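What follows is a single structure, written as structure tokens, with notes after it.
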Amino acid sequence: MTLVYFAWVRQKVGAGEERIALPAEVTTVAELAAFLRAKGGGYAEAFADDKRLRVAINQEHAGWDAPVTDADEIAFFPPVTGG
Amino acid sequence: MTLVYFAWVRQKVGAGEERIALPAEVTTVAELAAFLRAKGGGYAEAFADDKRLRVAINQEHAGWDAPVTDADEIAFFPPVTGG
Amino acid sequence: MTTRISIQTHDFDVNAEIAALTEGRSDIGAVVTFSGLVRGDDSLTAMTLEHYPGMTEREIAAHVAEAEGRWPLLGVTVIHRVGRLLPGARIVLVAVASSHRGAAFAAAEFLMDYLKTRAPFWKEEERAGDTRWVEARASDDDAAKRWR
Amino acid sequence: MTTRISIQTHDFDVNAEIAALTEGRSDIGAVVTFSGLVRGDDSLTAMTLEHYPGMTEREIAAHVAEAEGRWPLLGVTVIHRVGRLLPGARIVLVAVASSHRGAAFAAAEFLMDYLKTRAPFWKEEERAGDTRWVEARASDDDAAKRWR
């Protein structure tokens, strides 16, 4: 799967994009966030508080319970501030 | 007093502006309109239906009951259609 | 607040008017513009706009002042063309600058509703050589009543 | 309906964008534009905008389609700049063309409210060498909820 990060999530993780193999136990966005948080370091900081994050699956806004597959592009970012 | 006319009121009266002496019996806009209507011809046509007309006294919207004096500039015109 | 009101026969440039409102200042976060154009409905060939010099500027200035009292505005420009205009031509511009978008949108809509129902302009339409004065629309009166 | 969506680093010209919407047609009676500018509040020295390429265009196109379903629109242009911008610079343009002003005002405001809360852009502010990501504002969420 492809993971992409924006704004301070990107800065804390230390990369804008990475590819990982979907771990067997991960089936939802929430589980993916928990998996990433458990990696520690910048990931632990970026995923410290799920409420501060938003997610998109294949470039569409998604919820925390949404299912994820290994073919997906999953983006984590703070609430948007454009316009 | 100065009388000014716009749009089809101007066309029916046949002039955009004229000066008249305020007749003694005329104290309100409604009486002025009746006085002008009584002149006949284009005036009778222009003032045939008060409801189709609007008035301004000294360049401010006014009502049909508003008092008029010989020093005033009174404008008669159809409802506005700008913008 | 900067206010510019112009009744003119010539065209206007929206970008230039926005620039004039915002030039050299950094407190403006939002500029809303409304441009009104001549529609060529029902084979309209031209439109001629007449106005009441003096009263027009006065009436518009009063409405701009009222808008300024209702919303925190940083600049307002109102340009209204008069004379003969062809389909597609610009007739009117309202541009409002504010710190935030809500005030700019509301004030621009307020000013347009009032221009339509209170500013002394009259439109005469030409169709196949025939001319006809435009009638006021009840929907414009209704729009203006929202602000009372 | 003509739709133009552009995410770009360079500036835009509002008059040219209005002309592009209205050129060669005479059915448009109203064009509303919203321009968002960088405010220099609290000694802000610059702002850098980041976005999610691909999703941004998609998200904006979906909102334009929704606006088109709600109001009778004749053209929409959305331009959003990214990269580093100084106070006073233009950030965003929404331009909406319609036959009548009510639809153009409503759709422009709708699109701005949705851009603020759904389009994947993020702003980082610079002040005296310090940088800070802008937090989302509850008032923007409230504004967007009006349209549900």
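Letters A, B, C and D name the chains as they come in the text, with residue numbers starting at 1 for each one.
In this section, a contact is a pair of C-beta atoms (placed from the backbone, for glycine too) under 8 Å apart; a residue touches a chain by one contact, two chains touch by 3 or more.
Just so it is clear, the structure is predicted and the values come from calculations on it, not from any experiment.
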Maximum centroid distance from chain D, chain identifier (CA atoms): B
Centre distance in Å when chain A and chain D are each reduced to the mean of their C-alpha atoms: 26
Rounded Å distance, chain A centre to chain C centre (Cα mean): 48
Whole-Å gap between the CA centroids of chain A and chain B: 73
For chain C, residues that touch 2 or more chains besides their own: 36, 112
Junction residues of chain B - those touching two or more other chains: none
Chains touching one another, given as label pairs in label order: A-D, B-C, C-D
Chain C-touching residues of chain D, taken from the complex the two chains share: 13-16, 18, 22, 24-41, 87-88, 99, 101-102, 104-105, 108-109, 112, 143
Partner chain B, residues of chain C touching it in the complex: 36, 49-52, 54-55, 58-59, 80, 91-92, 112, 115-124, 133-136, 140
Chain B to chain C touching residues, read off their complex: 4, 6-8, 56, 59-61, 75, 77-83
